[in-house]
Each structure stands twice: as structure tokens, then as C-alpha cells.
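Next, two complexes with chain A in common: one pairs it with chain B, the other with chain C.
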Partner chain A sequence: MLDFSRSYFELFGMSAGFLVDIPELARRYRELQKVVHPDRFAAAGQATQRLSLQSATLVNEAYDTLKDPLKRAQYLLRLRGVELDAQHHTLNDPDFLMQQMALREALAEVLQATDARARLDALMQDIGNLIETQVARLAVQLEESGAEQLEAAVQSVQKMQFLNKLHAEAEALEADLEDAC
Partner chain B sequence: MALLQIAEPGQSAAPHQHRLAAGIDLGTTNSLVATVRSGLAETLPDEQGRHILPSVVRYCATGVEVGEAARRAAAADPLNTVSSAKRLIGRGTADLKSLGRELPYEFVMIDSAVPRIRTIAGDVTPVEVSAEILRVLAQRAQETLGGELSGVVITVPAYFDDAQRQATRDAARLAGLHVFRLLNEPTAAAVAYGLDHAADGVHAIYDLGGGTFDISVLRLHKGVFEVMATGGDSALGGDDFDAAVAGWLLAEADLGSDADRGTLRHVLDQARAAKERLAQQETVGLEIDRRDAGLWRGTLTRKQLADLVDPLIRKTINTCRRVLRDAGVTIDEIEDIVMVGGSTRALRVREKVSEFFGQAPLVDIDPDRVVAIGAAIQADVLAGNNPDDEMLLLDVNPLSLGIETMGGLTERILPRNTALPAARAQEFTTFKDGQTAMSIHVVQGERELVADCRSLARFTLRDIPPMVAGAARIRVTFSVDADGLLRVEASELGSGVLARVEVKPSYGLTDGEITGMLKASIERAREDIDARRLVEEQVEAQRVIEALSAALACDADELLSAQERAVIDQALQALIATVDASQNAAEVETAVKRLESECEFYVERRMNSGIRKAMAGQRVDEITPRDDGQEAG
Partner chain C sequence: MAYSDKVIDHYEHPRNVGVLDKGAANIGTGMVGAPACGDVMRLQIQVNEQGVIEDAKFKTYGCGSAIASSSLLTEWVKGRTLDEAREIKNSEIAEELALPPVKIHCSVLAEDAIKAAIADYQSKQGA
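Up next, the complex of A and B:
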């Protein structure tokens, strides 16, 4: 078996942390796929092809995780032993939850507005800014090792989950608006 | 330069033997075959110098006609002449209603997921029709190149779903071809263009064929083609333009859609001809022979044509917009747009695409040939003829894969545009005490309701150990390989029991049906099925021998101890001896398996060493974190 026990960071030869040089990650991704991708083994036997398939799948999974801030943060928390399932962690921030409700309402009302497109653009900009804020916080929280920072990071990740979901819904609405015209 | 040069006893195969390989563009309307000769990729003509093979198959009492002759006979013999089989491949009986409007065949509904077309030579499936086309093209390549093909790359629309891909592979199997890879058509076009222009950056490929539309956005970086997002419609193409014009013609000429099949075909041919001529001229005159009602004369202008096809083009532009969003790029970041597919010859299509992207699209490679040429380049690389070639294609799955949950809703497991190969696991539990089986419905598509997605397969997990409700933890793993084909595995985590998975493809041929067709085609070719299997096993053995010999020559000294080397050498010689002496397929297969298991540790060592080397010299502390944006650079 390929050494699947190594962390995604080790696989890419990078130090584990929230700050990642994305262009460098992309470059290493391509280098790794050049070695393991099934197309490199099209003329090989079935056993070799199987191993190549497993390896290329692992490299894709690692890249997919590391390039995305939310997935990367979730992965780092998992490496530190935090299992992020909803039952154990509740989001304890009434202001944030109020803000979410307001954003959801605004999103629901977009379609009725005469200037739907402009409103949606502004809303998506707002959500994008809120995501950026969480990313900046995570960069600090995940650099520290204390229990308090870890809990704060868990809160930030949960907020990002909310925000990403909202952003995806806004994008779906944007697609509907564009298809309609 | 035959592939099957079984080595003499004691002589190992030459590691750098040139292998014959071909790229096949299996199109809705036309198909082509191409190959790389002396470093140059080119499509291959038939004896009359024609490169394009119309994707039309005519079944006669005496045999099968493929190509131009079949196409010409279509109007006279519509029931036995099958065209556009690609529109039907991988489709189910239920799909026929939405696709069947302009298909003049008699369908036979029997007890199978796959519809059959009734012909004078018997009932045929779209898979068999496609196999006939593949057979003719492979034959052409083998005659031109003077030897057996070691393998082929067949192109499919990027937006083909799992069932359509599986059916295409089945067709190749029936035609007796070894498929290196199914390659997405836009990616193939990018390869043909990329190697020509060597332009690093982000490119869009707009591919409008006879029956399918695809748009892909990809990044080219030093020979690596990384698809960022893809989208399309596997039932939208030039055929629909023709149908729109034909619908207009029928109305103008006072013909109902209940006109006889021959007339419908005549109108459709007129519509296609008019559309093609309008690429050169402003107006075309039309004549329809209405039999008893006499001749109808009329004209069609470019403006009228535009009005007829604009709604269809608008659908493609909406898809372009969505794919750009999925790729996370804006229009200004697109370096260029490559036009592929015969239907991009239509001026109105070029106009609308230019308008949307804000630049004129590239049309300098023949849009009919570009896909086959890209496939040939990829086939040549996969055959191992360019060991130093850096080219690599990284593709994505075009449609989200999910499963049905309570209330007929879709739960997405592998989202669209995930890089392939990919795998995702999902855990399920039982909802009744003592439950020992569970059924899972796999669907493909973007919609929330299962009913709006495409049903791929139903699985039943059996042999789950009886437990109280909710206690079982069943882990189901979905993996999609580099061809875009899905596999499912399941196990119960608590007990470690491997649940048995039964696959029932919703729209595919069963293994039994395929075997039956294989037998029939072999009987027709007067081949012996055992002989055929022996050849297949010998080819596989030869592949293993050559790959291993090449690997040993490259790094055995570095990775193996003398003792390990001796064990592998011995196993290798044993396989060579078996291949040489045995006339029994099962024996050869066993010998291959034995060698592969002896070498497993070595293969893993090579892979790990490759990874180490790729990451070597890149010291961890040299990397300075710069940003954490979502864009991959």
C-alpha cells in the first residue's frame, strides 16, 4: 500500500498550517499527478493501474481539501483531534445568528425586487466580505495552540459553513436570474 | 510492427517498441479516426480519400453497410438505416419519448433496460450500431498502419453521464478494441490546439456537435491540461437546428408531422442542406416534393434561420455562464475560445459566442477533425510511445453524483467538477431492528428531486449483521475513475462485514446481454471465442512483461536488493515461459496474476519513490505563505 497514513500536508511536502501558498500548492499538485495519474500507467498491468488509481484519488482528495479555506480549516481541526459534528458543537453567537437570518430574508426577497440583479450582487458582495473576515480570523486562531483558540477556530469554521451555504444559494439564484433573461 | 510479438523463450520483450494506437471521434453525425505518424497527428482517409465516416449504419439482409453508402440509402430505406445512434446510446426506454420525435425507427420494447431497433437483420441496440462504426474505423487504422492496434482513445461528450460512458465502452468491447481511455471531446480539442499554440493560460472550449453540446474551461500549464469546470447538454446539437428548420418547412409547405417517413427524411435533408448553404449565402431557395400535393417552393433567409435557432443558441450561452462561475473565472481571464464541432460552422453560433466572450473564437483547426486529432495524440502518449512526454490531462466529473434519501430528495455525494479520479464515502444506518438489507438508489444530476435526476443504478446491500435500529454503520464508497465511470463498495464498520453489492444498471446492458452479443458477433466473424480470450490474455501478459522489463531497466538497482531482484526475475521468466507455451487463457491469466502479486511491493516502492522525487529539493521552510485565496494558481 502507498503510505496513506501521512497527512495531506506531508504528501505535498508542506508544513501543516492554515496559511498556504496556493500557486505553489497547485504546482506541486501537478507534479504529483504527473507521477501517479492512471494515464501514466495505461500500458501497465492491472495491479499497477489499481495502485495508480488509488494514489491519484488520494492526491486529488488532498488537493481539494488544502486549496479550499473551509475544508483546510476543517482538516486542520481534525488533525488536532476535533471532530466537527453538529451534536457536540453549537454556535454560541446570537449576533451572528441574527445577521444570518437578516441575510436569508434579504436573499428571499431578491426575486420580488425590480432591481433583483443589483440587490443580489450587493448581497453576494456582503457575504463574500463576511467569509473573508472568518478566513482572516482562522489564520490567527489556527496558528495558536491553546484550547481557547481552538474553540474559537471551531466557532469560525461553523460560521463559515453557514456563510458558504448562503453563498451557494445566492449563486444558484444568480444562475436562475441569468437563465431567465 | 505487430503488437503481438510474443517473445522467444528467454528473450525479454523490447521495452521501447513502438505501439500502434489510434484516436476515434465517435460522433453523432460523423466519425473519424486519427493516428500519430512520424510525430504528426492526422486523420486517416478511406480508400476513396474520404476522412469523414458518416455515423450511419444500414442493416441489409446480406450484411451491414456503414458510412456514406448507408447515409445515401437512409431516405429510401429509413427503417433499416440507423443514424445518430449516439443520441440513444446509454439511454433507456423511458428516454425515447423525449428523444424520439425525429427518429424514424421502429423500436422494440422487450424485457431489457435498453431499447432495440427493429431491422431486417434482427433487433439491434444503439451499442451494437456504435460497435459497427468503431469496427470500420479500427479496420481503416489497421490497414493504413499495417498492424494490430494496441489500444484506442475514444472521445465522448464531456457531459455524457455514467450510463452513456459505460455504453460507449461496451460498444468498443463488442468491436474487439482495447480502450486506453475515454477522453472528453473538449479536452481532446484542447490537446490538439494546445500543442499547436503552446499557450499557457485559461481557455474555453465551445463544442457544438450534431447531437451534443459541451463547454469546458481549462487551464494549460506546461503540458498539464487541468479542466476547471465543464457543462453542457447531451441532447442539444446541430440536429436540433435541423429539426427547427424542418418544423418550419413542414408548416410552410402545409405538411403535417404525420407525413410518411420518407417525406420526413426528405424534409430533414432539405433543412440541413439549407442551413449549411446559409453559411455562404444570404438566402436559399427550397423545394419540397410533396408527392400527390405537388412541388412546394419557398425561400429561407439568414435572418429567418437566426430566429429559428436563436433559442437553442441562447441555451448554450446560459450554460457557458454557469461553467465560468463554476470554474471561478471571469470572462476577461479567458485567453481564447476554441470552436469545435461541425455546428460551430453556423455563422449565427460564431456571432453569439463572440458577443458573449467579447472576442472572436479560434476556428483555425478544422472543427470536424480537431477532436480526433487530440484523441490520437493522447492515444500515442498512453501507448507509451513518448516516455519523456510531460503531457497530462486532468479531467473532472461533469455531473454531481448522489443518492436518494427520504422523501425522494437527492443527497449529493460527489459534486460536479470534482477532479478525477475521485472517491467519497458516506455512512448510512439501519432504521429497523434486525434489518439485514438496505437498498440504495444512485442518481446523477444537479436537481433536488430524484425524479428530475438521472437514475444510474440501484444497489441492495445484503448480509448486514442484525442489530438494533441505528446501530449498524454502513460505509458506502463511491469511486469514479479517470474514464468517469462509477464503482460502489460497501461495508459494515462495526463488524467489518463486507456487505454484498448488487448493481442493477438503470439504463445499461447487463453482463449477460453483452456476453450474448459478443458471442453473436464472434460467430458472425467465424472466430473462436476461446481463441479470442487467449489473445486478450496474451496481450495483457505482454503488457505486464513489457512494463515490468522497462521498470526494472530503469530503477531495479536503486530500489531492489539482489535477492528481491532474483525473485522478480524468476517470476518474470515464468510468465514469459507460460505465455510462450500455453494455449490456455486461464493459465496465462493465472500466471499474470502470480507475477503481479510477486511484484506488488516493487510497484508500491516505485510509486513512493516517484512521489519523493517529485517533491524532493522543495524544502518545507523555503515556502513562504502568501495568500489563502480560493483560486488555484
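Up next, the complex of A and C:
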């Protein structure tokens, strides 16, 4: 059914890289899902059914990974042998962390403000811009080989992790604001 | 996952939350962050002429364990010399707060923060 040893990129017949044609990825995902979907093997033997389920799971995993810039970058780094042992890794960039702290503080102050909605919108705009900048950097860093670029890409991935967390916090706050209205 | 009573106590009543003047010569600021969870921590110390930490403040955006670790650490470092403060190990924090294995990295973050604050203070003195 599927070759489980192939990379996610190979699975979708795409070349391994950070720049991915997302609509094309989605199209190939739907095609693959049709091929491996367990419904098609309802009448088949147990082994085939199990294989179909495993294949469908793999296709879902691959799609989830490749469509998301952060997960795609992390996956590319893993393919290049970089283990992102994030648990014990502290980002060593005081200026970036200072900015994160300031944004978190601004986010915390939103609820007390009379113009909460406008402030949150402005902050989400800022966060969105920062994420876009980081994605653009990753695109350059991951296209190059070489140890220096790889190290820079790891740093960018770490920064993306902070920014995604910040974005999630902002979205949670947005939900709170909507509930309050 | 259940937090220990000590974590909850620090989380609900964090000690020494605040900010010190980052630009002052007798203040050291440590900024650290854990990419895995997106937690950010700022820990600041005010050091007197004898090299003793006379005040400490922190601000942490993160989970209960990260907040408790930094809160506890600010209590511990007050009154200690820089050398004594540098000796504090994350395992002591984890033990005091009864942190589960998946939250040990929060105490590591706090240890990194005090080390960074001390280094920042000393670089100001050397300059």
C-alpha cells in the first residue's frame, strides 16, 4: 500500500524543502487519502485493513507536518540529523526574549484596557508580522546547507515556538473577550 | 497532573513579582526562555557593595511550575552572596517544590535565570 520508509515529502511526491506549494499538497493529500482510506478495504482481510488504517494515519501525520511552517521546519531539521531536544534548551537571545516578555506584558494588560478589542487587534497584527518574518528567514536558512545556516535555522525554529505560543495566548484572550461581550 | 501544595501556594501567591531598573549598575537581569513550552522568565537581582543580594524580583509567563520555581528562587537568593546564589542547583528547587519529572525543566530554567542575572551584574561591574 504505502512504503513506510519514505519521507513525508516522498510520500507526496514533492522535493524536500521548506517552500511547499500548499494547494498542491492539499490536492495530493486528498488523492492519497482516497487510495488508502479504510472504507475501501471493508471487505478485505484483517491484515489489509490494519495496513490501510496505518497508511491513512501516516498520510494524515505527513500532511499535518508539511502544511504547518513550524512542524515542516522541525521535520526538515530532523531529516538533516538535528535532534531538537527542546526540553533542556534555553534560547540564548536576550533581545528576543525581552521582546517576548514585553509582548506578553502588553497582552496581559489588554483585559484592563477600555479599548481592549483595538489593542488586541494591534497586538495580533504585530505577532502575525513577527511570525511572517521568521517564516521568511527559515525559508532562506533551510534552502542553504552548511553548519552555520543550520544553527541559524535551529534558532529560528525556537523563536517560532515562542511566537506560536504567544499567538495561542492571544487567541485564548480573543475568545475570552468575545465571551465577555 | 496534580501540582504539589507548594507549587500551588507560589502560583497563587507569587513572591517578589516585579521589575527593577534594568539600567542601574547594581542590578543584574537574567532573561531566559524555554522554546519547548514558550515560557519566558525574567529574574533580577539587586546587589550591594559587599556582593550580597539584597533584593530580587521576577516575572514569568508560563506554567505553574515555572512561576513557582522562579518565585521560590527569589526568596532563596535574598541575603545570599553571588557565589552562594550561583551554587543553587535546579535539583534543590525541584525537590522543594516536589516537581514531577516532566516539570524538571522549569527548575532548570530558573537556575539558568539566576546564573544569567549574576553574569549580567558582573559584566556591568567589569565594564
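Everything below uses one rule, namely that the second predicted complex is superposed on the first by the 175 of 181 C-alpha atoms of A that agree within 3 Å, B and C clash if a C-alpha of one lies under 4 Å from a C-alpha of the other, contacts with A are read in each partner's own complex, and residues count from 1 in each chain.
The rule is short, and it goes like this: a residue touches a chain if its C-beta (ideal position, glycine included) is under 8 Å from a C-beta of that chain, and two chains touch if they have at least 3 such contacts.
Treat the numbers as computed from the prediction; the structure is a model and nothing was measured.
Of the two partner chains, neither chain B nor chain C is touched by A:83. Judged by the touch definition given at the top, the superposed model places A:67 against chain B, while chain C stays out of reach. When both complexes are overlaid on chain A, the residue A:148 reaches neither chain B nor chain C.
By the document's definition of touching, of the two partners only chain B reaches A:48; chain C does not. When both complexes are overlaid on chain A, the residue A:35 reaches chain B alone and has no touch with chain C. When the two complexes are overlaid on their common chain A, residue A:23 makes contact with chain B while staying clear of chain C. With the contact threshold set out at the top, not one residue of chain A is in contact with chain B in one structure and with chain C in the other.
Taken in their complex, chain B has these residues touching chain A: 19, 150-151, 180-181, 221-222, 224, 226, 318, 321-322, 325, 378, 381-384, 390, 392-394, 418-423, 479, 481-482, 540, 543-544, 546-548, 592, 595-597, 599-600, 603-604, 607-608, 610-611, 613-615, 618, 620-621, 623-633. Remark: chain A residues 86-91, 94, 97-98, 100-101, 104-105, 108, 157-159, 161-162, 164-166, 168 touch chain C in the complex. The residues of chain C lying in touch with chain A in their complex are 31-38, 40, 42, 59, 61, 105, 108-109, 112, 116. By the touch criterion stated above, chain A contacts chain B in their complex at residues 1-3, 11-15, 17-48, 51-53, 55-57, 60-61, 63-64, 67-69, 72, 135, 139, 171, 174-175, 178-179.
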